[in-house]
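Both of the next two complexes hold chain A, though its partner changes from chain B to chain C.
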Partner chain A sequence: MPARSTFRIPPGLLFVLPVMVIFLVVRVIPSLAALYISFTDFGGVRAPNWVGLANFQALAADPVFRQALFNTIVYTIGVAVPSTLIGLAVALLLNTSILLRGFFRTMFFLPAVVSFVSIAVIWSYVLNAQFGILNYVLSLFGLAKVPWLDSTTFALPSLIFIGVWKNIGYTTTIYLAAIQAIPQELHEAATVDGGHALQRFRDITWPLLRPVTAFVMLMTSIVAFQAFDQVLVLTGGGPAEASTTVVLETYRAAFQFLRFGYASAMAFALALVIGIFSYLLIRSANRRERAA
Partner chain B sequence: MITRRPPLAIRLTRLAGLLARQTMVVVLVALIIFPFFWMIVTSLTPVQEVFSWPPRFPPSILKWDNYAEAIEQYSFWRYFWNSMVVALLATVFIVLFDAMAGYAFAKLPFKGINWIYMSVLATVMIPMQITMIPLFMIFKHAPLVGGNDLLGAGGRGLVDSYAGMIIPWMATTFGTMLMREYFRMLPRELIDAARLDGLNEFRIFLHIYLPLALPAVASVALLTFTEVWNTFLWPLIITNSTDMRTVQVQMASLKDQYFTDWHLLMAFTVLSCIPVLLVYFLGQKYFTRGIAFSGIKG
Partner chain C sequence: MNMKRIGLALGMILAAGFTATSASADTVLKLWMTGVGVDKYMADIVPAFEKANPGIKVQATNLSWTSYQQKILTGMTAGDGPDVFSFYSVDTAPWAAQKVLAELDGKFDANAFIPNALANGQWNGKTYSLPVGLRMRPLFYRADTLKAAGFDRPPATWDELRSYASKLVKKDAAGNIERVGFWVPTNHPYKTPQVWLTFLWNAGGEVFSPDGKKALFNSPAGVEATQFLADLVRKDKVDVPGAIKIDNVDFAQGRVAMLVSNIVTRDLLKNHPALKDHVGIAMVPGNKAQYIELSGDMVGIAGNSKNPDAAAKLLNFIVANPEIALKYYAIDRTLPTLKALADSDFAKGDPWIPTYLKFMDKARPLPAHPKWTEISSLITKAIDSVVLQGVPAKEALDKAAAAADEILAR
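So, the complex of A and B:
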């Protein structure tokens, strides 16, 4: 008599199988393939040739990539830090007694709901050098027309401003949830001890929110590092690479010039930068938390 | 003397504080809303006034015909349909698969499940710009679809297909995490009772636990729909023909033209935002909860 197998597939495994298979196909296998491609001269048609570190060496010497990386880092810091701080300020404001609070909350979040493409379209009209409303408002104060999106000086700052504008609703929402989770007794105790609002913020709210601050910084940074939609639509990376970003250059290298190997190397270089940045941010947040 | 009310000076300071805060909020919100307001105004402006300096406000007439013209001239419904098919189908898959996985992670433990959960969490760190090239090649050479032979040659594969746009969005890490947290809060006893009644595991999930998790399902569905509707990079890559473009891709290409008809483009943009705005306004509670969840977990 054959021994009956006691093995049976656990039902839980069947439930997680779809997610596992999808992630394997659309995330894990492609990223391993991309790693391999980044060491080749693959262009999509002929079989790839192994070129070792040549793509990465070429990257290090490529002025366009260096400019893109520089812009991306400036953009990320320029977006993440103000988004976080303004989000905190707005959340604190909205947490006080204010008329029509719910309405304002809803409005703050609008830019976060609609796509970056539509936001880019809207802002490209508002910021238009010839007939944009912003230049009109400035002209009322006697200022000359500013080529917001067509000058090497202003293109990247304009993108940063729009990035912050889009983020505030998101950072505010996260902070509001966190602030409302702070036990009321802590504030009351501090009030009894004679602390005024600023002291209460410094001694209670800010330290308690530190993990949230780190999280908000991390999330907004990771998204900003990968800026693409708004850059392509608003400036196309120009003028003269003044506002180009790493993902925009990756897209161009891959799908305009069919340099798959080079583009993959670029994507991994960016991932490395994001990884190091995230590690440092999390480490410094943890250390401060322990010190507190 | 005992006074119940604080002295007048303090009350005045409080009032001034309230006024100051109220003013700040109003100014900030005005800055946030103004571009949207200007988009709507422009979408209703006659063509002669779109390029005028100084900008003309209010426009001489509200030209509602701009919308009809934008829909007609830019084949709006074609792109709207493409986006709707992709976003709705992706949402259905994500809700189902994320809920199933979240349920297993919360309620059906087996050996190695924690390892799997950690792996699922880890994949969130893989960005689109890394996977897009291999994904494009895999989809282009998918065997036996889009005119391809068994070896994936000869046709266009999944390029220019709804499947090509949906497959990368059939499961999310965020949704899996959110569903897992929600299912963990539900009692385990229901499973035992249902098993005694002879229900199979899938029916227990589908008929007992999933209905109890509807708030979480709503959060995942609303956030997913919005994200997929708004996504740009992947549809841009995987569509070749103009006909298969999503609303976002078409909008970007209209902006890219040498000459932009701003009044029509703005009408197109307004229309393209309506689905996500409806989702947000109607489901704001679940929407905000979903966003807040990510922050509290972090």
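So, the complex of A and C:
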């Protein structure tokens, strides 16, 4: 009887192997390829030439990239902070026994499941300066028409507003689940001790939701950093680049200007910014948690 | 036992694959064409091509105008791209420079095409793509609105354009615009620079120096054209930026009286047949010169196609066969490209094609330069800053031209 091999692949590894392989093939390898391309003059089809750090140097001197990065950071903060705060407020409301609670929960979550392109097209009609419904409503109150998407002042704030509107369903859902996981006994004990609603929120709900807040902020920020569809459809990054974002410029550099090397450098610069931001956010959340 | 079964199954699969490969000795061409309704068009023409060319099989794929560039470029980079594909003429020069497109000289009969129709497929004196459907950008006007305002013909000069637009603009009691007199497109990646382009040419200006190495659009002609468009909005108030979004719908519904656009080629009359007698087309008003912009849907052969000869047959079948070319016209109402069609009953029976063909000798293609798209984004930004923010045209164009010169020197 031949000796059986004692080597066994751990079952856990077998379970995750398919995902690992897919992750390697569709994420890791393309990312490494893009990293290589960022050091070349690749134009899309012809063999690339190595250019060293030239793309990154050009990026540092590019006013369009600087504008796009600035807009992206403003957009991210503008979307992530209100989405988180409003999501928390709505979740607290929906956690009470209000009328039609199920209906409201569905309504708030609806924007989160619709494609951003469809949403953007609908908003473009709502926000049309002359014939849009929003300006019509404003005119009923005697207010002047606002060129929401066609002015350098309002284009980015309009995009931020739509971004917040779309995110609230997601942030509300996460918060609602977290709020419902807080043991009821804590609230009961605080109530017995005479704590009113605001005190209970400040001393129980808010501290216990801190890890969830960090998570929600992180996820909404990462998505906001990559704003693309809505910008392309609603403003095209204009007017005069007032609402352009890094991902939009990356797309244009690659597929419209055939500068894949430069576009890859732009993508990695953004990845670096997101990495630093995420690290700072997680570190600050961990510190606060330890302090608490 | 199990291993034996698996081995047997694998063997059978391999054998089947081998048999299939050896049976199909046909040349297989991948045809990727862009646009709405093109899937049905390809389903119609591909069997006819395969019948006329035994031994060549065609795999057809329909792309959308919003993503064809990504699909074609990534497909070719991955070695899995098309042999023959359609795209917009603005891509000819950049794609020729990157060898995305193969040279076509000697592979087609230039005499079959109407004069100027081939210009959109040429770069550096060579031909890289052939037109399948052209789109001209004339002045569209609502003849009914003009007549009501006392005008019996469209404006022919810039002064006339300004006075017509000032009369045709309609505002409500509160001063809100109800009808745009003349549309000045802003913040649009191609409508803004393409409408401006005709005004630049008509002011006597050019985008690039003849050798393509220097930006010239900040010339006095460029400043004059840009300031003229800005003044229409800022001084004469014939348009409010953002009022017009979907130009064909706005025009059909009477929200704009005059505009420079290529909308007729996008189904204006098909969707709004009642407009036939109420709208007209004219040359874009002239100043020192009078040109009209002509671009369109092109077909080319991939620079890395492994079957260039079969691909050339398919290309010619699509663009140079009058019967097949008519089928493309039927999808999207583009203009005819072949001499045989210009004189046909179909062209003579169309309400506008004879007029379009009269403009053809004044038609100019988009600048055939690999950097035009990138530089046009600088121009759009400059136009936006002049029209929307009131930046002096000279200042905005000088800044854009300096940035364009850096791009050209790269």
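By definition in this document, the second predicted complex is superposed on the first by the 273 of 292 C-alpha atoms of A that agree within 3 Å, B and C clash if a C-alpha of one lies under 4 Å from a C-alpha of the other, contacts with A are read in each partner's own complex, and residues count from 1 in each chain.
Note that in this section a contact is a pair of C-beta atoms (placed from the backbone, for glycine too) under 8 Å apart; a residue touches a chain by one contact, two chains touch by 3 or more.
Remember, it's a predicted structure, so these values are computed and weren't measured experimentally.
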Original post:
For the overlay on chain A, clash or fit between chain B and chain C?
Top reply: clash
Original post:
In the superposed arrangement, which partner chain does A:Phe257 touch: chain B (first), chain C (second), both, or neither?
Top reply: second
**OP:** Report for A:Thr152: first if it touches chain B alone, second if chain C alone, otherwise both or neither.
**Re:** second
**OP:** Based on the superposed arrangement, let me know which partner A:Gln130 touches: chain B (first), chain C (second), both, or neither?
**Re:** both
Subject >> First, second, both or neither for A:Gly44, with chain B first and chain C second >> reply: both
Original post:
First (chain B), second (chain C), both or neither: which does A:Ser284 touch?
Top reply: neither
Original post:
On chain A, which partner's contacts cover more residues, chain B's or chain C's?
Top reply: B
**OP:** Check the residue A:Thr235 against both partner chains and state whether it touches chain B (first), chain C (second), both, or neither.
**Re:** second
Original post:
Looking at the overlay, what does A:Gln57 touch: chain B (first), chain C (second), both, or neither?
Top reply: neither
**OP:** Please indicate which partner A:Phe15 is in contact with in the superposed arrangement: first for chain B, second for chain C, both, or neither.
**Re:** first
Subject >> Colliding region between chain B and chain C, picked from 3-11, 75-83 or 291-299 after the shared-chain fit >> reply: 75-83
Subject >> Residues of chain A contacting chain B in one complex and chain C in the other >> reply: 44, 124, 130-131, 139, 236, 255
**OP:** Provide the residue numbers of chain A that touch chain B in the complex, in ascending order.
**Re:** 10-16, 18-20, 22-23, 25-31, 33-34, 37, 44, 90, 93-94, 96-99, 104, 106-111, 113-126, 130-133, 136, 139, 165, 168-170, 173-178, 181, 211-212, 215-216, 218-219, 226, 228-229, 232-233, 236, 246-247, 250-251, 254-255, 260, 263-264, 266-268, 270-271, 274-275
**OP:** Enumerate the contact residues on chain C facing chain A in the complex.
**Re:** 69-70, 73, 76-77, 94-95, 98-100, 174, 176-177, 186-189, 240-243, 245, 255, 303-304, 370-371, 373-374, 377, 380-381, 384-385, 388-389, 403
Original post:
Given the complex with chain C, which residues does chain A contribute to the contact?
Top reply: 43-46, 63, 124, 128-131, 139, 145, 147-152, 235-236, 238-241, 252, 255-258
Original post:
Mind pulling up the chain B residues that touch chain A in the complex?
Top reply: 18, 21-22, 24-25, 28-29, 31-33, 35-36, 38-39, 42, 50-55, 96-98, 100-101, 103-105, 107-111, 113, 116, 119-120, 123, 125-138, 167-168, 170-171, 176, 201, 205, 226, 229-233, 237, 248, 251-252, 255-256, 262, 265-266, 269, 272-273, 276-277, 279-281, 284, 288, 291-292, 294-296, 298
